[in-house]
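Next, two complexes with chain A in common: one pairs it with chain B, the other with chain C.
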Partner chain A sequence: MDAIFLQVLNGLDKGGAYALIALGLTLVFGTLGVVNFAHGALFMLGAFCAVTFQFMMTASKQIKDESITFFDAYKEVPYLEIWFGHVGTVLIDWVVPLSIIMAIPVMLLIGLAMERGLIRYFYKRSHAEQILVTFGLAIVLQEIIKSFFGANPIPTPAPEIVAGSANIGALFGLGDSVVYPYWRLIYLAFSGLVIFAVFAFLQFTTFGMVVRAGMADREMVGLLGINVERRFTIVFGIAAVVAGLAGVMYTPILPPDYNMGMEFLVLSFVVVVVGGMGSLGGAVSAGFLLGILQSFASMNEVKAIIPGIDQIIIYLVAVIILLTRPRGLMGRKGVMED
Partner chain B sequence: MSDLKFTRRGVLKSGAALGAAGVAPSFFVRNAWAQDFTNNPGNGSSVVLGFNVPQTGAYADEGADELRAYQLAVKHINGEGDGGMLNTMTPLSLKGNGVLGKKVEYVTGDTQTKSDAARASAKRMIEKDGAIMITGGSSSGVAVAVQSLCHEAGIIFMAGLTHSNDTTGKDKRKYGFRHFFNAYMSGAALGPVLEARYGKDRNAYHLTADYTWGWTQEESIKNTTEALGWKTTAAVRTPLGAGDFSQYITPVLNSGADVLILNHYGKDMINSLTQAVQFGLRDKQVNGKNFVIVVPLFSRLMAQGAGENIKGILGTTNWNWSLTDAGSQAFVKSFGAEYGFPPSQAAHTCYTQALLYANACETAGTFYPCEVINALEGFKFDGAGNGPTEYRAADHQCFKDVLVVEGNENPSSQFDLLQVVQVVPRAQVEYDPAIFGGELGTCS
Partner chain C sequence: MKLFKLSAKDAIMMAVFIAVVLTMPIWLKPIGAGYPDLLQKFAIFGLFAIGFNILFGLTGYLSFGHAAFLGVGSYTAVWSFKLVSMSVIPAVIFGTVLAGLFAVVIGYVSLRRTGIYFSILTLAFAQMCYKMAYSVLTPITNGETGLRVLRDDPRVVDAMFGVEQNAVPVGELFGINMQGYPGFYFCAAMLILGFFIALRIFRSPFGMMLTAIKTNQTRMRYTGFNTRPYLLVAFVISGMYAGMAGSLMAVTDPLAGAERMQWTASGEVVLMTILGGVGTLVGPILGAGIIKYFENIFSAINESTLHQAFDFLPDSIDNVVVAIISPFVGDGWHLTLGTLFVVIVIFLPGGLVDGISRIRKRFSRKSHASSTTGASEG
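Up next, the complex of A and B:
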């Protein structure tokens, strides 16, 4: 029972990341009709917003390191600690949550620049061409990040106060071995909050209503005299912010490196296809579903019956869903069927 | 019909004359056949070495450090700079004027930490750039693949960072040499320290990278810990580059294990260790004992990536910049003055490999690979870090002291991440080469 509970929790937490990325992918596909293979790179750029902010906050004065006598070496003392003492140390400790403030405008600008500077020229081109150009863009962004930050993962820890694990087993009357990292619980709550915010924005605002109408029938909304394109550009920016925030908050879980976006991109595309192309609800549901299935497939008891199932479960489910429901779990008729 | 007379004296004379004529070529034209080998530099003024390191991909930082070390080695071999380990290594034939009077030049290739890419770049350096020796790499999969290619091409391969038993075990080759230690040696060195720290009654849970290095390391460490009396609760294979290991870590929580052994390296190790610590494993108590995490293969670059999580974790390493022997100090001083930070274990092994190859050519008096191999086989040397060292002729594995290290709880500098717990003497990590099988093959 303990093991099952832990794997459900693990799947939800993993699914939260899949759902956030897949949500942005679906938004862009549903509004602009663009298959954006650079979306994983946006997740990675978000993570590197946190890394950059960490570098800024830990900008240091170099002091000669007397402990090294072989050559001239220097140790670094952050200016924040020199200027503000303990307050400076606390600010550095809280760098990941604080970097959200920086990531929102930065990711919005990156999203808008990407859409206006490149993506819009490919609206009327085939999906194959869109995939090629966005995939190329993702590689360029990766290489830029690698040239600045190197190839190794960069530790970006969570604040000390939430660095440990919560004894959630006690809350549910389970054993003491049922513990779960605080930050992963925070990530799960954060993904739920962002998903709710995006849905509320689309459901309860005029802007959202126009976007939804545009997703259903872009031509008709245009004929009503509404500038749909401008709104869709903003939607691209919002999708970039969602992916970026998912990346920022993921940094304490996975020390970021330049390739982290690619690792999530393929899985997120499978999530979108399983959920149904263009379906926001489908993307979110499929994200959590596949996260949970992946976790269960990694259990030793399951792998003892079907060795290697943890490596293929997501793709196996995708094949089964597409065979039985070709439009995915919640796919709409007519989407990507022309 | 001719009238031939055979006398005993006549037959003996003819036999001696024929014998002398038969032997003569090997005295007078030995260099003539020796010249007929791949990328013979001939009468040219320079010789080209091929540095095949990961310049992109997950181990690019390690590859960059390897390349720095090779560039420094070339400088020293050519008589530039402060000479580094050339001042401490004994015996030494190099004179600081290149190799056999020829200036050393180099070309580089990118292994991308992929076997096929590594083979392609090694092939290019051999066929197009005329490299007479290939060296480098940061993965056992790559090392085994490139070693095999070099053997077929008649080119010596001086392996970089490769820790699988297979490299000098079942996949060993006559043209391949490894200075780095291996998984068996890690286990043999780590065992007594694990026993002293954690006792004989433990239950170990392995998470293992699913490729040649991971398998051999898991096997070696399991053999060691089970010989101590530890039980193996489970050994779970994880995909290379999994990123999020949480689904493999959660089953550890209620498995009854009180030791987690991470047979991961590089990015995988950074991620799995970080996540294991987040799941509270380092602070956990099982069966009345403190839960412990062990990382059998460590490097300082990985310790940097893992940050605070590495503190107090035991493992082994081939070499560490904090060693105080003359060879290590000379290398650290030279590397630090050139680049402003100390070298990694990958840099040390690559620098040493370049010097060893150059020295073997100088000793043999030729670049002819078979003669160079003869010079390397059984070569005993000192002053290159890790104490007296020998390139065992039977499997081309270097034997030297192994370091058991621990993530430093109180680092005195940003580089002081690993603390040497014990220098395990070479005799404790030696083994019979027959246990891993394989054939070196012949030099042709």
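Up next, the complex of A and C:
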């Protein structure tokens, strides 16, 4: 029982990342009809927003180390500590959550620039060409990051206070063996929050209503005199922000390197297809579902029965779902059915 | 004239192709590509791209999992070296056939869907193969280390004839070691064979059928054709090409690693085909050659060679130029590749072959300004 509970939790935080990326992918696909292979790169860019912010916050000055008296020793002291003292130290400690503030406008700008600069010329082209051009774009973004930050993963720790593990078991009366890192809990809550925010935005605002109407029948909305294209551009920006935030918050779990986007992209595409192309709810639930399945498959008991299942479970599920339910779990009728 | 059942025009094309391929070591020398390692790569990836083009170019089905067949071919060939003989003939045959069998299974399942779903299904299968090669199948694939040929492997057939091996066994054909130029000529022979088969497929009723499926599958179905068997055959053929290319990789360098199956490798062959020209005969080979050539040349350049190259400029300009170019060469070769990818898809969706024929058309229009209409180019 304990083990099962822990595996569900384990799956949920990974599933949270899948769900956030898949949500953005589906938004873009549902509105613009574009298959965006560069979405994983946006996730990676978000993570590197956090890295950049960390570099900025910890920009240091060499100061003479007074504690060593035998010889002249210098230590690096961040400017923030020099200027603000203890507050500066705390700020540096909280660098990952704070970088969200920077990531939102940056990712929005990147998203808008991408859509206006490249993606919009591909609305009418075939899906194969969309895949190819965004794939190329993803390589370009990845290589730019690599040339700036190098190929090695860059550790970006979570704040000190949430670095430990929570004793979840005690909370549910399951015994002390169920411990779980705080940050992963935060990630889970965060992804839930972002998903909720996106859904609320689409459901309860006029803007969201127009976007949903546009997803259902773009031509009709256009004929009503609404500039659908501009709204869809903004939706692309929002999708970029969602992917970016997923990336920012994921950095303490997985130190970012330039290749992380590709890994997640392939998986989230599978997630989108399993959930059903164009279905937001499908993308989110499939994300969590596949995350949980993956963590169950990596249990030793399961691996003893079917060796290697943890490596391929997601793809296996995708194949089975695609063959038995062609539209995915919650796919709408008439969307990408051919 | 019915030489090998080719029309006169195709026979000439075939002859030119053979001549061009076999003289590659000579005419590629001036641009610094006349060495066997790179020439082998040209031939192998040319073959891979031709095969991919039979599926993607003719039927329009974009597979993102062809690297799996490449990997299967490689592993099979190495196992054939280990168990059967160091002769390359069984290695290539086994590699091609086994990749074909894999293609039957994967194709049968994947071809039930079209469009992006097909791409995702093939991608999923390829990723499964890749992940399994790294984890559970380690006894067969030797995991991260990669599968290599050892001196004391059984090699049943070789043992029967009492063939002795040197410390580092290499593939051989009738006693000739398949490395360096002999290796290239073997690959080139396979490339020519592959090109010939592709040419026949393009000109056959079967090829017409595939093109018709690309144009309008629904109409084909309504006219009473069951399209799936045709698609499956096309998929298997292209998988076998990939398997052959993979086994040739093992022939020229008896080592197989799982990274050959990664999805970026599948992406590479898509790019080669697109760059050259989808659905054209020579396009994919051209694309494969160009990409492999630039990969080799670009990744060899570093900052000091750049400084040498721009020596004639004044120092300040020299530094600026080098600073602009250096991210694109050496380790940053992939940046150039990605940019190329984007530019080609945006500006030249038909690939280089399309570009060349467009330019030719423009020139011929100028020269025959008064003539009626330009003959369409084949």
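What we mean here is this: the second predicted complex is superposed on the first by the 323 of 338 C-alpha atoms of A that agree within 3 Å, B and C clash if a C-alpha of one lies under 4 Å from a C-alpha of the other, contacts with A are read in each partner's own complex, and residues count from 1 in each chain.
In this text, contacts are C-beta pairs under 8 Å (C-beta built on N, C-alpha and C of every residue); 3 or more make two chains touch, one makes a residue touch a chain.
Predicted, not measured: the structure shown is a model, and the values here were computed from it.
Peer 1: Of the partners chain B and chain C, which touch A:Y121 in the superposed model: first, second, both, neither?
Peer 2: After superposition on chain A, A:Y121 lies in contact with chain C alone.
Peer 1: Considering only the touch criterion stated at the top, classify A:S147 as touching first (chain B), second (chain C), both, or neither.
Peer 2: second
Peer 1: In the superposed arrangement, does A:I131 touch chain B (first), chain C (second), both or neither?
Peer 2: In the superposed model, A:I131 contacts chain C only, not chain B.
Peer 1: Which of the two, chain B or chain C, is in touch with more residues of chain A?
Peer 2: The larger set of chain A residues in touch belongs to B.
Peer 1: Just to be sure I read the superposition right, which of the two partners does A:R184 touch: chain B = first, chain C = second, or both, or neither?
Peer 2: First partner only.
Peer 1: Using the superposition on chain A described above, determine whether A:V266 touches chain B (first), chain C (second), both, or neither.
Peer 2: second
Peer 1: For A:A286, decide between first (touching chain B), second (touching chain C), both and neither.
Peer 2: neither
Peer 1: Now for A:Q311: first (chain B), second (chain C), both, or neither, which partner does it touch?
Peer 2: both
Peer 1: Shared contact residues on chain A, chain B side and chain C side combined as an intersection?
Peer 2: 146, 310-311.
Peer 1: Can you list the chain C residues touching chain A in their complex?
Peer 2: Going by the criterion above, the answer is residues 60, 62, 109, 112-117, 119-121, 123-125, 127-128, 131-132, 134-137, 263-264, 267, 270-271, 274, 327, 331-332, 334-335, 337-342, 345-346, 349.
Peer 1: Given the complex with chain C, which residues does chain A contribute to the contact?
Peer 2: 35, 118, 121, 125, 127-129, 131-133, 135-140, 142-144, 146-147, 262, 266, 269-270, 273, 277, 307-308, 310-312, 315-316, 318-319, 322-323, 326, 336, 338
Peer 1: Would you mind writing out the residues of chain B in touch with chain A in their complex?
Peer 2: Where chain B meets chain A, its residues are 56-61, 234, 236, 239, 241, 243-244, 246-248, 250-251, 253-254, 267, 270-271, 274-275, 278-280, 283-284, 301, 304-309, 329, 332-333, 336-337, 340-342, 412-416.
Peer 1: Could you list, by residue number, the parts of chain A that touch chain B in their complex?
Peer 2: For this pair, the touching residues of chain A are 2-3, 6-7, 10-11, 13-14, 65, 67-68, 70-73, 75-76, 146, 150-155, 157, 163-165, 175, 177-181, 183-184, 252-255, 257, 259-260, 263, 294-295, 298-300, 303, 310-311.
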